[in-house]
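Order as written gives the chain letters A, B, C and D; numbering starts at 1 within each chain.
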Amino acid sequence: MDHNVFAWPVRIYYEDTDAGGVVYHANYLRYMERARNEWLRSMGQPIGVIKQRDGCVFVVASLDLHYKATAKLDDELSVTAQVTNIKRVSMTLKQTVLRNDEELVVGNLNLVTVNADTFKPVAVPSALTAHPLIQNAIN
Amino acid sequence: MDHNVFAWPVRIYYEDTDAGGVVYHANYLRYMERARNEWLRSMGQPIGVIKQRDGCVFVVASLDLHYKATAKLDDELSVTAQVTNIKRVSMTLKQTVLRNDEELVVGNLNLVTVNADTFKPVAVPSALTAHPLIQNAIN
Amino acid sequence: MDHNVFAWPVRIYYEDTDAGGVVYHANYLRYMERARNEWLRSMGQPIGVIKQRDGCVFVVASLDLHYKATAKLDDELSVTAQVTNIKRVSMTLKQTVLRNDEELVVGNLNLVTVNADTFKPVAVPSALTAHPLIQNAIN
Amino acid sequence: MDHNVFAWPVRIYYEDTDAGGVVYHANYLRYMERARNEWLRSMGQPIGVIKQRDGCVFVVASLDLHYKATAKLDDELSVTAQVTNIKRVSMTLKQTVLRNDEELVVGNLNLVTVNADTFKPVAVPSALTAHPLIQNAIN
């Protein structure tokens, strides 16, 4: 794991698991959402500020997930968020769910910036595109 | 079970269960919400119609739940909805989750009618208070 | 929509939605799980029978989702399940979430058959591979 | 808020909210579960240790919730856990969800200790009943 990549801790409770004894597969998307929000907050750009200042929100347009190992009750995981590509109205993020250094789930998510009222695509806010963490990530 | 009481079927999938091998305790509230919505629809009063016509929604103000037995993966349950008391701005419902005739969870929920914009309490819509199913239930 | 494809209805309640006013993106995976389970049941092969008879369960190994339009509160959706490829220990399913004839979400999921105790890959049960619905779907 | 009471932070994401723009009512039970687990961990008694050493788990037998105000997207909440009564096989906890000093939801939960295999009630582990935090809470 690249220690320059943003990572957010997630603890696994009963709410996260299923009768197979492991984390329910859809729930990793919840953890990735948490990590994306905290990654934005870490850049001084929480979603509430973006919505109020720029009038836009991010919606998931597409994603892929690869499940490599399972997480269990009481595990402490780490979820990364890293921009791998950025276009005028969209960003692609790679997000990884780790337990220590073991990759459990790897995802790629394409997020489109849309107007919060009309849901029409709009440009990614310049406060993000100009941010060093994003500039560095894509170069 | 009183066969005059409205009941709605719920099938249990992995999404509903936890690592204890049973349905996660909070999820019964989701099934009770489903049954309340379908009970309103069965009276010709789906929540979308009520919101558009009367400008109000229902919010849960308080509830109690009693867990008597557990539901498991692939169980087919039945969830009831029945008004036990009605006041100007609120209704109390008894809701039971059953597997065949066995009561698994029994709940009492106090729902307040609020303006959809301001969230201030408003009168329960007359289309509901005048409905025979509710009139019968409370007499 | 091909009317030979298995489809399962899903109604949208508050539990399914988020503060954006639409269905939370991860929840479509829950609906796809429901449709897969009911598709197996429709072939006389509910997951409980498969687990008891063959000692195996299905786990999601990878998936991709494409979000084309949003579902809202009280929508009635339809979720399909269709095998597009089958190998010794895995199946690929295409699953589509529709509102009437409009495709909202399209997913491809790779499911691996694993021993229920060891989680080691095992052959897809012959009761499935031999079933006409699967034979037809892949030819 | 009594600053001797255990409290655990919870941040609100889209996953937590519903189309009413607020936190979905059932989700507060998830936050209370998180706080109970972390409260046990804070006493050196995480649920995994209890299950392995004492062979038991806690199940919710009954609860009541009182909703006083709503939480919204991006709120940072605090969830308390405090024993109010303890018997041979069960504990009653008061749990409160706060935003700063405002009480949003207050709950009382009765938890029964059960054998992890048979689900039969067993005595509350002595490591808990003897712990100063619990001794203090109930005297």
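Throughout what follows, a contact is a pair of C-beta atoms (placed from the backbone, for glycine too) under 8 Å apart; a residue touches a chain by one contact, two chains touch by 3 or more.
Note that this is a predicted model, so its numbers are computed, not measured.
Two chain pairs, A-C and B-C, are compared here, and A-C has more C-beta pairs in contact (counted per touch definition above). Mean C-alpha position of chain A lies 25 Å from that of chain C. Remark: chain C and chain D have CA centroids separated by 35 Å (rounded to whole angstrom).
Averaging Cα coordinates per chain places chain B and chain C 28 Å apart.
In chain C, the positions touching at least two other chains are 14-15, 20, 26, 30, 33, 73.
The touch graph of the protein chains shown is complete.
Considering their complex, residues 14-15, 17-22, 24, 26, 72-73 of chain D touch chain C.
By the touch criterion given at the top, residues 20, 25-27, 29-30, 33, 57, 59-67, 70, 119 of chain D touch chain B in their complex. Of all the residues in chain C, the ones that touch chain B in their complex are 11, 13-15, 30, 33-34, 37-38, 46-48, 73-74.
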